Structure formats: structure tokens, C-alpha cells
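Chain naming follows the written order as A, B, C and D, and within any one chain the residues start at number 1.
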Amino acid sequence: MRYEAPESVTAAVALLAGEAGTARVLAGGTDLLVQLRAGFVEPDLIVDLKRIEALHEIVEEDGGYRIGAVVSGAELEEHAGVSAMWPGVVEAVNLIGSTQVQGRATMVGNLCNASPAADAVPAMVAASATVRISGPNGRRRDADVGDIATGPGKTSLENGEIVESVFLPAKPKHSGDAYLRFIPRTEMDIAVVGAGVSLTLDDDGICTDARVTLGAVAVKVLLVEEAAAALIGTKVDAAALEKLAAAASAAAKPIDDKRGTKEFRKKISGVMARRAAQIALKRAGG
Amino acid sequence: MVKVMLWGSLKPAAEGKAEIHVEASNVKQMLDAIGKAHPGLAPVLERGVSVAIDGQMHRVAGYEPLREDSEVYIFPRLEGG
Amino acid sequence: MLDKPNKPEKQKFNVVGTSPLRPDGVDKVTGRARFGADMVAPGMLVGKILRSPHAHARIRSIDVSKAEALSGVKAVVTKDDFNADAEDQDVLYNIMAREKALYDGHAVAAVAAISQSVARRALALIEVDYEVLPHVTDVDEAMKPDAPVLHDHIFTEGVEPKPTKPSNIAQRYEFGHGDVEEGFSEADVIVERNFKTAATHQGYIEPHACLANIANDGSGELWCCTQGHYMVRNTCASLLGIDVSRLRVTASEIGGGFGGKTTVFIEPVAAALSRKAGRPVKVVMSRNEVFRASGPTSSTSSRIKIGAKKDGTITAAESELNYQGGAFAGAPADLGAMCSFACYVLKNVRTIGYDVVTNRPKQAAYRAPGAPMAAFSVESVVEELAGKIGMDPIEFRIKNAAREGEKSSYGPKFRQVGLVETLEEAKAHPHYSAPLGPNQGRGVSCGFWFNFGGQTSTSLSINIDGTVALAVGTPDIGGSRASMCLMAAEELGIGYEQVRAIIADTSSLGYNDVTDGSRVTFASGKATIMAARDSIGKLCERAAKMWDISPDAVVWEEGHAKPAGANAGEFEPLSLAEIAASAESTGGPIAGHHEVNASGAGTSFATHIVDSEVDPETGRVQVTRYTVIQDAGKAVHPAYVEGQFQGGAAQGIGWAINEEYIYGEDGRLQNAGFLDYRIPVASDLPMIDTKIVEVPNLGHPYGVRGVGETSIVPPLAAIANSVSAAAGVRLTELPMSPPRVLKAIDENK
Amino acid sequence: MHQVHVSTKINGDEIEYLCETDETLLDVLRDKLGLTGAKEGCGSGDCGACSVMLDGRLVCSCLVLGAEAQDREVETIEGMADGENLHPLQSKFLEHAALQCGICTPGVLIATKALLEKNPDPTETEVRYWLAGNLCRCTGYDKIIRAVMDTAADMRGA
């Protein structure tokens, strides 16, 4: 196994594209090193992105924020601007692992690891986040966050492509977001169900826009439009929240595994979505 | 005579008796005596047993002295964590 | 019996009962302390073990030739490298599979190589031809007549007539007295329920680790983390077919054991590799290996029936307890059965225990082995019965509680015991009457453990400067060196700081039983006190020599030799330091020794109070308040006694709520890591309040009882009782994980 | 397997080592440099026993490659005391009997030191959540939390 720590995105992409064997990108490493150790992957090349200065940055862009691929959870939390604008996304990232893991783990890594239970992803999708992808020969493209992971451990990224940043758009007035997950303990578990909600109110407190997402209940994050529809046009009152919960439970397509049963996950999907919506509502000033 | 009390599942090997009386002045003599009187018990005794003498537990009691009126309980060998 | 005074020899203490800093403390906060994996030796190789991926499989053949041929591989061992005539055939089979692999994780071969990566590659080159067999991992399934049978030599013992067909039920145990049927007929209220508990793991943070350095002639050294290095020495010698005297075992600092390090797993393998390679070999388990291939607890199923009169008198009690103990016989069904009703005085009682084998790793001890599961089911029924009668659950327990002079449920009469005292303390504790919030419930439970004595050998040397070196042979798993120093200092009449305790290696002291059964502070403590007394006798002789009077005319008081009285003569008292300083001229070194198979251990009881909050929409349980009240006999080092109480409670909370071995349809362990085997993290727990009760054990000069194990007995039931109260429905299966609790709530609607 | 040459700073000392590319920083500290204070309890970032500071961030050294430490600064438990003077946290852990077996203690100390440097006045809940990645199986955390709170109060007063 070769280890390379290039200093530019171009060099990183070239290394990845030029590798005939298996290559893996190292951002925070909190998933990759566990997989290496367990023998799940035996790459021929590891490309460490942390020597690329540009990927450490959080910059304002069009009223939103562009967050570099190797910004750790701890760094994100310390960024007052992002935390104020998209508290749900920051909370979601901060739920990944322990304080120690927060010192390393990145939201892009969480995305590209493509676990169906990734915490950051439902929150990013709820926030309508996009990613910027660099590929061979200077190609660059933007994509919706929800289109990156396609199934457990699988992404839509092509050979040689890396995600260099996430863009969280400017947040409209009277908007709020939240992410909640269900775990048996208070910390350190993988989400049994995750729910992200982002909503916008008008001046009268009527919900004009909403995005509701679920994690860990399908092969990839679910954007539940029926659940969002349950909120739009309402004051996000009890009746609307119940409708949202029912829609979320109905949309969940979970499996039985060591972390929870199908039946349990479906039910909890509704509970988590409802509770997340209540927090988002409060944050929107509702 | 020392009164020896067997745990329930040993009763069949002692002709259904839960209580045996033997002459013995220490635990070794007692175990020898009951093994002789009830050969069915011998394999269990050989594997090792713990005993309680007048309420006092002994994980292993070899030559622990017994009184004429001692009350002894035999148990499976105790293990701890 | 009971004709002794009800006070221990000593009741006024100078240093015992204080909580000074531990002798190994600075090493442990600076990273200097050396644990199992921290030792190195020149020329050391890395040892790794190949493990079965199948729950049950016949091993047709093992081809190690490719592994042996790999550059950097220095030895490969299989079952053929061990002594087939070893005394304990089950341990032999467990450390290296023979004709069959009996569980997912069962060792089948091992390699020693020059590096981790070479060792890993060598394992991949070993070819094992398996014939996969049907498997069984559930206790109830394993007991069925048509279950796959693990061993053709197991015929259920303890049943008449003796079975003619082999089965997975190794033993049936029965205890009890009186007429249970008659007793139930006298009851006004009877509660009968079935329960289940999942297998849990001790969860020590330090994986098993050892460094073996065995010469080709079979003599050598072993360094390892263990609760009993003498046990390791004797077992390894037997499994390798070498003399006990050839092997010297040193116990490293141990990063938690809780019973799980009372047997061997990798030590004989490392020794066999080292002998074959002629070089030191270090073997360290990964966390995955710890879960799959060390010794978790039994999982259990049980049925409990208790009847009582309206006035609260229990008239009869019956328990049937099935313990799944993994691939070999020896599950603590007997201990569980004996402990199940030990908290109560019962006229009519019958307890039955079954020891069942399955395709899982062989269970090992875990803090009061067998008792927590039994207490879970019994104390759940006790709480429910109290509720049906309309009695306060603590009053109900006090009415039936074990007391001095009463016959225990397992037979013998109790000596001086402290159950009623813990219950009275619980009743009076502010926790018991504090208001509860919404969705909260309170539960109580009692617990019992025997506590053991056992073989102990201790040595104490008086140094030239008046300090004392104490050598004990029982590994220190919870601060026992500090307790030993306290007891030696107390007896010698000197300061705690003047005594330093170490854990001596197997060649330096006589045999010591394993650190288990909550025996160390009691048994090694007793031996330490006696060794101190032995040295005091010698100190007095030296003083007598210096004064030229008879040794009988010298007494030892407050750390000084003094003339026994006016007739002995007028001499200024001689301090221990003064006598030590002139040792060379008075006869040479001064030391004390004591060797004993300690008896007189005192049984221990506890009462726990728990508040839990249940999220009715998710079934999630949060323990919000916890109080442990336990009889310590005499708390030698109160802070560590509290630590034992708190640690046991925390492990019990994990067992009750989230910890479980999860097996897939394929018989493989699904959650062999700390991510999905969920032990409590700091944010899961409240502060754990403690109250030490001291009802002296008359079998110890200071009244000491063991404290380490009883603390894990009450939590399962106490939490189940609190969760049941909060959820409004009786929970009968552990762990009370969210899906299970939510299902119970929903079904109760 | 070819080895990577790494120059780094550990507890203030300039250190160079060669490591295999798949070796973790924990492997390097323990097996190459003899700094065995950091422990391996799980190898997957779930127990915190291998906690170290990397460029001022609390991390699990089992989740860092040895090769990544090039030009970084690493602090381990071995560097916590100042000569023969223990760090206040180390002293308080002893005073409060906040350790039993001691295997988790180096990691817990490194983690709590990082906490108090970031937040000198944490609540009990903040301490508990900060330490959620440091498993302790002996103490039930009670005395650890008390030791941390007490140290924080002392250090604020100092």
C-alpha cells in the first residue's frame, strides 16, 4: 500500500486517476482506518487530502458557506457563522462519534463513506446542500448531496473524482433546520433512524417550504416529499406534525438488523421526524 | 454422628435421602464415609465439592475438623468472578 | 456455630477505614504502568490466531505448509502442539479446536512471525477444510430433544434414570427444602412468570495480552494480564506438558477482569509458539477476538413462582433456571440456583438449574457468576408480589429477609449477615421517598453473593529503614494493594506510607488462588494480617535480645516493642525502625509469612434503589438516579469500596438496558465490537450514590467481607422494576432495549 | 512493504521514525517509540484509550496513520506531568480514587485536559458528553466526573 499526501486537488486527482489498483481517499480517516484494520479494504494507494490547504477552508459564498472536504466536525462546530445559519447540519456532523472522532471526521468523508446511517447526510439533504467535485483533466462539476451515495458503500463518483467541498446555501428568512437521530445510548452509536427537517415560514407563520429527510431506513437517504407536504400551508400545528409523522413512517423502508427491527424503525421514523420538525419550527421563529 | 445434607440432585444417588449421618472427625473422613456408603455419589465427590460446616462456607475443605453434632452441607464446587 | 461473640477481634482502627492514595497510582496517571500488551523482549515475534468462521464444523484437515513456507514465519501451531493428556480437556479444546470447531471464533491454528503484516498474511495461507454442521446458540433451542448435539460424551448428570442419549444438557441441579406444593396451597397470592436474559461480556477495556518466552527445553517465563498468574502457570504447564517449576509467570497490571481473566485463552498458545520458534512471542487479542473468543456470560431463560400470604409471608418459592454456557459444560446454573432465593427465609423452596452447552464461546465468570440473572427474575416477581399484596416492596422484603440463625434457601444457617440493615437504610434513604417525574418509575432489588476465601500465601519484609515490603500473590484488580498496605500498617502500628505492596511472580511465593469470588481483601488481607503478626513476633524477639529479657516479656503496641509490664524491666520502647536498623546485629533480616487456605468468608447482601425514565414513544430508558447500599463487613479503603459498588451498578445498568450478544442465523456473532456491544458511556449514567453498611464478618480479624461481586447482583432486577413501573407494563426480558420496551408498551395499550 | 520516513514532534521532542503505511500512530507510539501510555482497547475509535493530542486536537491515535504525523505535533500522556510535578488532573484523579484498573486513565486524562483547556467551567453534563468516547468499565464514571469537576474548580481558582 502506498501513502501519498499531495498538496493540490489537481495532484490528488491525478494520483487517483493514475492508480491501476484500488485507491482510497483519506479525509478524516475515521471510517477508512476501521475498514483497513478489519481487512474490509486492502487498497494499493491511499491519498491523504489533509495537506491540501484549500480543503481546510470554510468560506462565505452567495450568502451561504462552502466547507472544504477536510474540515473536521470540531472545526465546523467552532465556526460561528455556519453554526448560526445551519445548526441542524452542524449538530448532525457533531453526532458522528466521540469528541476524539470529531477531531478528525469530516462531513464529506461521512458522505463519501456512503453508509445508509450517515448522520450528516440527511441534514445536508434537508438543507439542499450541493457538493463540488473535481475530476481528471481539470473537470469540475456540482451535484446535489443526495445524489452522491447510491447504496451501502457505493457512490456516483467516477474514477479519479473527489468531492472537494460542500456548499450550504444561504438560508431564507424565517427558516430553521434540525437533525435528530435515534440511538439506544446517549452517544457513540450508529443511528437507528435519523431525521432531518428544514422549513421556511412566511410572515404569518405559515410554512411555505419544507424538506424532510430520513436516514438509516433505506439503502440511501430518503427525501420524503409527502412528509414535507404535510407541513406546507400549515402553521406546523399538532395535526400537521401528526400527518408528517405518519408520512415519514410510511416512507421508511428499513431492514431488520442488530440495531433495530423493521417495525421499530418505521415507527421511530415518524417520531424523530416530528420532533426534528418541532425544533426546526422553533428555530424558524415559529 | 455428623449430619450431612446433600443438594437435591444428589438424592437419587443416595437412595433418595437428603440427609445422611456418618461418623467422622474431619471433612476428609466424612467424604470417604459417604462415598463408601453411597457409591453413586463417588464421582461427584471426586470432582470436588464445597462444604458449609455449621453455616461456614468452605470452597475446598480437606481436613477441616468436624464436631460430633456438626451440620454439614455439600455443594457443587463454588466459582467466583 | 453461632456461639462466638458478635464482634470481630479488632474494632478500633488507626489507618484501616481511611482512603489514602494507591501505591500504583502515579504509574497509572502518568502512563508508566505496564499492562499486558506493554511488555517487550529482545527478538520478540508477533503471534496471531486463526479462528473458525463457523459456529459448528468438523475440521477435516488443516494444511499449514504454505504459511510455514512464508518468509518471516517462525512457527505455526495447531492442536498437535499441545499435550493431549492435559488435565482439563475442556480448556485444552477451548484454546485450540480439535476434531470440531465449536463456535464462531474458536481458535484453530496460530502463527508466530517477525511482524504484524507477515503474521496476518500467514494466517490467510492456512487452509482449513471444514464440514459445516448444524448449530444451536439459543438456550431453549439447545435443550430440545432434536437440537444439534455438540458433544457425544455429554449425558445429563443429576437425573435418574441416567440418560442413554447424549444431549446438550450437561447437568441438572436441584436445591431446596420443605414442601413447595403444600406451601403454594397456603398462599393467598401467587405470581409466576418466565424471564430471559441475553449473554453479556465483562467488557474490560484491556484485551487479553501476553508475552511468552519459552526455551526449547520448555523452561521459561510468561508475562500476562490475568486474575491469577498461578492458575496460568499450572494450566499452561499442563497444556504444554511441562513441569510447573519450569514456568515463571508474572502478572502485569490488569486492565479490568471482572471474572473474565480467571482462565486462559491465548497464554498457552503464545507459550507453544514461543517453544516452537525458540523466541519470545507476544499475542494480543483484538477487540473482535475478545468478544468472539473469550468468556462472556451465560444467557438464560427461567421460570419463577412465588406465593405469599396477605400479611406478606412468603409460603413457597420455586425457580427453574436454564443457563447456556457456550461450547463446554460448566455454566453457573448451580450458583444461580443457590443464589436465586438466598435473600429470603423460606419454609418451602425448590430451585432447579440446568447447565446447557451451545455453539457459543465457553462462558467465564463475570462478577458473582450466575447470580445476577437469577436475582433479576426472582426480584422481579418479589416486587410484583409485594404490589399485588399492597405492601411496600422494602417492607415485604424485610418481612422475609435472611437473618442470622435462619436456614438459607440453599441449606446452611446464616451467620451474622447484613441484609435487613441494607433494607432499613434503603427505606430511610432520601432517594426512596423523593418525588418522581413524568414517565419515571422507581425500583428496588436485593442481591446476595457467597464470597470466598481460598489459598493464599503472603510475605512481608521489614526493610532496614523501617519501611515494609509486602508481597502478595493475588493480582490487584481494584486497588487491593492499597488495602493490603492499610491492613499491614494497621497491624504493625505504622503509617500507611511506610508499607509498599507488590504482586509477586509465581516463583516468589507459595500458590495463590485466582483473584475471584471477592476473596482478595478478605483472604489476602487475612494472610497479610497474619504475616504482619508473624513479623511482630520476630520484632519482639529482637527487642528481647537487645534488652536481654525473655521474648515473652515483650509486647507490641502502636508500632513499638515494649516491656510487657513492670516485671519485665524498665526499657524505652523500641520502634519498628529502630529494631529494623539493628537487624544485622540481632540475627539478620526480619520477615513475616503466612500461608493459608482461608475459610471464614462472610456472605454479602446489598439493596439498590433505581429511578428510570422511559420515553413512551421510543422505548428508550434513561437511568436518572441510582443508590447502592451494601454490607462491606468492614470497609478497609472506603473510596475503593464505593468504587466497587459503583462499578458493579454501572455494569448492571449496561446488562439491563443495552448489552447483549447478538447472533445471526448463521451462528456468527453480529456485534463483536464496542460500537454495537453497547456498554454504558459517561453520558448514559447519573452519579451513583453509595452507602456502606458495616455488619462485621466474624471470620475475619477486622470483620471484612468481600465487596466486588454483590454489587452486580441487584441492578438487573432493580432497573427492570423501575422500568416496569415507568412503562406501566412488566418487562421480563433483558436487555430492555428500546425496541423491546416499545413493543411491551404498545402491546399493553 | 516499503516504509515511510516521518519527522514529527512528540511531547516537544523532535522525533524521526520509519513506519509501514498501514501502521497507525498508536502502533508507532507503542511499538516503535516505546510510548506505551496510550492503550489499544478497540482499534476502532470506540473506547478512547489511545487518546492523544494531534496539533492541539483530541484524537484517537488508532484512527491516525503513522505517516500522517509528518510535521505535526503530538502530545501523549507521557508528556502530561511537568517533570516530577503531576498535572492537577493527575493529582485529583489519585485523590478522588477516580481510577481502578487504570487502563482507560491515560486516555481519560488526555481528553479531560483538552476539555478544560477549551472550557474551564464545564457542567457535569458537558463533562459526561465530552468523555462519552472514553469507556471506563470499572468506576461507573462517578469518581472520574467528580475529579474533573473538582480540578476545574481548583484551576479556575488558581
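Quick note on the criterion: contacts are C-beta pairs under 8 Å (C-beta built on N, C-alpha and C of every residue); 3 or more make two chains touch, one makes a residue touch a chain.
Fair warning: this is a prediction, and the values are worked out from it, not measured in the lab.
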item	value
Pair of chains joined by more contacts [C-beta pairs], C-D or A-C	C-D
Chain whose Cα centroid lies at the greatest distance from that of chain A	B
Computed distance of Cα centres, chain B from chain A, in Å	67
Separation of mean Cα positions, chain C and chain A [Å, integer]	44
Chain C-chain D separation of Cα centroids, rounded to whole Å	29
Inter-centroid spacing, chain D versus chain B (mean Cα positions, whole Å)	54
Sites on chain C at which at least two other chains make contact	202, 258, 674-675, 680-681, 683
Multi-partner residues of chain B (each touching 2 or more other chains)	none
Contacts with two or more other chains, residues of chain D listed in rising order	1, 22, 43-44, 46, 129, 131-134
Chains grouped in pairs wherever the two touch, ordered by label	A-C, A-D, B-C, C-D
Residue ranges of chain C touching chain B (in the complex, touch as defined)	1-2, 157-160, 171-177, 202, 258-260, 262, 332, 334-335, 338, 350, 352, 365-369, 410-415, 450-454, 516-519, 597, 599-601, 603, 699, 708-709
Interface residues, chain D side, partner chain A - complex	1-2, 4, 21-22, 24, 43-46, 48, 51, 54, 57-60, 62-65, 67-68, 70, 111, 114-115, 129-134
Residue ranges of chain A in contact with chain C within the complex	38-39, 182, 184-190, 192, 257-261, 263-264, 267-268, 271
For the chain C and chain A complex, residues of the former touching the latter	120, 288, 617-620, 622, 657-658, 662, 670-671, 674-676, 678, 680-681, 683-684, 737-739, 742-743
In the complex, chain A residues that touch chain D	1-3, 5, 26, 29-30, 33-34, 36-38, 46, 48, 50, 72, 74, 97-101, 103-104, 186-188
